[in-house]
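Both complexes below contain chain A, partnered by chain B and then by chain C.
Up next is the complex of A and B:
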């Protein structure tokens, strides 16, 4: 805007400052609390200024809690989530854009529906399936009456059972079923020249070669953007890891942080230590953004250079 | 002439289409059965309005579209069921379709790499083609760093480096500006003279067709209207469609009736003597009309509506017997205040078409 009114500028700056305090205030409190001792907090309540116990609190996270092993879990979950989502989205978008498939529009709409039905809504049914991944198959066999037939021949109906609860796979798989990546890649593919696929065919490259030689190198930035986004969302997942993992050694760091608050009433939680834990847990996603921010922006802009 | 020229010339093959058909279902027939033969080394331009099926035809030859029925023979080999890479065709696309992440060298070498050609030979062949197309200095650049004309040359290089039997062009010049289009036309023409590849060039631009083609194939709604040399198409159009499609401004078409001795316009004026009876459509090119200011012979009277002065000549639009007739004439200034024109239509320059079918009929005046 080219408006140059002084009063406007002042008001705009004021709004900006309020917004910054709103965001940075809690962040400051996290850091200042993390640097005070438990006793200080018991005596004074909120820590408005930083103390000198930051390293001690950090150390106690590593010695007294399971946060380090849980961060490893988070790492595995976030990384596998990001990698699997990237591969799956890339392939599904490739199929939707470059092949004449019957019902391609319907398939794409169904994939998009997963964006509108996030895991938080489906958490109970997802839990049911995760507790026995064959339960949909069993249900189909029962409903179609096939199981009655099988029971008649073999004497007993088919009832398969395999629980993936409390495993890394069980933590990751439900997160991967998400359409954002497919949408991102589809939009990117649609910006590429249409004749590229034909040109590659004329050059003798089949669909697989086209995928690896042409599409994959061109999608680098989209991959990076999607990877960062899904990594962050995997790292910060709370609800699903909370129900999907039952033992502390399988829980993720975010869940572990929440569990640092003692269950019993009357005891004041060790907030300085918890805040130190929060700082440690945030370092990985922060580093991720710092390193890959360039690609994140490029990939989301979705345009050719 | 060097090795690559000879190799491409040797690879040139003839193409035969036998009953080739494209239909999506019983109602939507894009190309009804078509038979056509293209000679080896010939430059054929497929010309037609948009939606006439010319791109579909090209893609069927390339193998990018399936043939509904019929046979495509390249060099005596039946290819309609083969993958594009086994047909020996290469294609230049309208929007270049270069691989944006590869350098010019990699773009041109890609097909050779896929085909498993050894690295040293790849480099040698790309270098030879790049020299031919004046691209040697740009081999390490990416397509994004090139101008439109250079990109088009890379696309052509990518096509000819494989020494294809057939070279296909899908409106390759329509993305360029007027000046560049002219330059590329000349370049393509020279290139063709040099390498002699069998080429099929699809366009809707009649200037490209007239200047580049050995023979022009004019398509209308999937059917061949005429397939002949540019000269023959201009001077002896086989139908009203061709007559109106070629030439700028296009040929004038006037309805006439014959009474056995003369041809009369709709308003009764006599345009020519001919022993014909019944309704016809009379065609005459704007530049063949002789303009006079007084009646003599079989001159017909027309009323001038407006004139466009193009410097080298003027284009006049006049009302003649209820239709608008266009006349290209070197005269101009002296006709400004002359509302009435007398037009002489030389009998040798008249074209006669059937009123019903629009096909050319025997030229009955030539003998007189």
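Up next is the complex of A and C:
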């Protein structure tokens, strides 16, 4: 700072301490409770200090619940969400920025509009579409009268049916239908110097060669940032996996964790075991944040601009 | 080779490149939105039992339902309180972390951690921490019985929700606001100090006005976020209770649609909520956005 502002620095430090306690406090209490027994919790309530039951609670999560297999589902959903978003966003941003097409603006606006209405709002009808992804096609055929024509010729109208509910594809696809990635790559492409493109053209590079030999290596950081961001968002989804998967073996770990808490009131639930579940479910994304923090921060900042 | 080489001029390649993304977006974004509006004019029977055009009957039914208005009102209260806190708290933290003090680095690290904890997970944790019998406030309850009762008192349940929402909203807003603060040139601070502005004064007259774009953006996104993402918290902390005190619109839509099988009612409320969110975003851009100065 410009001048010596001791009092202000002390206040700032205090604020940061309070902020960190607010963030870490619940995480610490989760961890310490997860290491106590059910009886301890009933006697003393919330555990302020760790006990020795951590492994036992972990073991009961692994043997008595479906969390292990649900962790695999979470892994598949988060990873495919991240990979698909990266690839498809990269390709669509590439087309929008580097090709002379008149509809580029319209397509970009259509993609960007997805940011305004999140999946949680449109969950009811997204569920209906996922229960038969050909329903829009059927509706178009019916509405245009084409189906009447087909029925006249072949004797029966076209009614295709394919449900993606309770499949990994169904859990992932609606998450990928989001504009942040395209936006992020477009912003990045626009910051690249124009001469780069001109030089590549001069050397005779076509669209494919330019994409693989020049754009792809340059975009490595953007890929990493978007990957971390979408992986975390895929892992932490709740409402869509809750309705999109109907059997426990297809649900994601976050949904499985929420299902561990019994609905009925009265008896105090086995909080130590539930907290152990919360630790297990959050450990992978938290490790990712710890290791790849640089990219996460970059992704958050990039997705804004 | 043509002399104009600023862009590729292939005809079908770009179509192929955007096709997969556009197909997914059309199928899982535009069709559901269209269908929500379409169904709001039909009486839809569950399990594909056919449908019948009823005009504005669904809207009349929903708008005449006092539960809808209560849920809508609660949504607005939650939106205003939760999102202003979810911007204000990270703002204060960002201003503090922007100073060159020893704690600033660890704080920047720790404050993004919630990004890795799902809304539902932190909901489960907060439900335990604020449990009236075994939670953090249980000792208080044994001294003053009934002072903290989220299972009975709607306000207590609401406070728990907001505390959890702000917790989860810190990383994004903190990172954005801190990035904004750090992009303010040092010369600005020095010039202001030369003119006799003390550090407190500089926070309000230099820093805050210069991060208006970031502040505006976090607020716009936070408004949408608080309307929708509350679902995971409600479902894990309060289940909409006690007595419906925390049933926000997004939770009511889910209950009506998936528990009550009232597809037309749920679609109609979805349509109304979507229009509300769009109007809100547009209004923020028109009324607030115009006053934000993007020039540096």
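Everything below uses one rule, namely that the second predicted complex is superposed on the first by the 284 of 305 C-alpha atoms of A that agree within 3 Å, B and C clash if a C-alpha of one lies under 4 Å from a C-alpha of the other, contacts with A are read in each partner's own complex, and residues count from 1 in each chain.
Definition applied: a contact is a pair of C-beta atoms (placed from the backbone, for glycine too) under 8 Å apart; a residue touches a chain by one contact, two chains touch by 3 or more.
What you see is a predicted model; the values in this text were computed from it and never measured.
In the superposition on chain A, A:226 makes contact with neither chain B nor chain C.
Of the two partner chains placed by superposition, A:171 touches none, neither chain B nor chain C. In the superposition on chain A, A:214 makes contact with chain B only, while chain C stays out of contact range. Counting the residues of chain A touched by each of chain B and chain C gives the higher count for C.
By the document's definition of touching, of the two partners only chain C reaches A:286; chain B does not. Once the two complexes are overlaid on the shared chain, A:201 sits against chain B and chain C alike. In the superposition on chain A, A:193 contacts chain B only, with no contact to chain C. Put simply, chain A uses residues 194, 198, 201-202, 204, 304 to touch chain B in one complex and chain C in the other.
Residue ranges on chain C touching chain A, taken from their complex, read 1, 5-10, 13-15, 17-18, 20-22, 24-25, 27-33, 35-36, 39, 89, 92-93, 95-97, 99-104, 106-107, 109-129, 131, 133-136, 138-139, 151, 167, 170-172, 175-176, 179, 189-190, 193, 199-200, 214, 217, 224-225, 227-229, 231-232, 235-236, 239, 250, 253-254, 257-258, 263, 266-267, 270, 273-274, 277-278, 281.
The touching residues of chain A, counted against chain C in their complex, run 1-3, 5, 8-9, 11-13, 15-17, 19-20, 22-24, 26-27, 29-30, 33, 41-42, 45-46, 88-89, 91-92, 94-96, 98-101, 104, 107, 110-111, 113-114, 116-118, 120-130, 133, 136, 173-174, 176-179, 182, 194, 197-198, 201-202, 204, 206-207, 210, 232, 235-239, 242-243, 254-255, 257-258, 260-261, 263, 265, 268, 271, 274-275, 278, 281-282, 285-286, 288-289, 293, 296-297, 300-301, 304. On the chain A side of its complex with chain B, the touching residues are 193-196, 198-205, 209, 213-214, 217-218, 304-305. Interface residues of chain B, counted against chain A in their complex, comprise 59, 62-64, 83-85, 89-91, 93-101, 110-111, 114-115, 144, 158-159, 162, 170.
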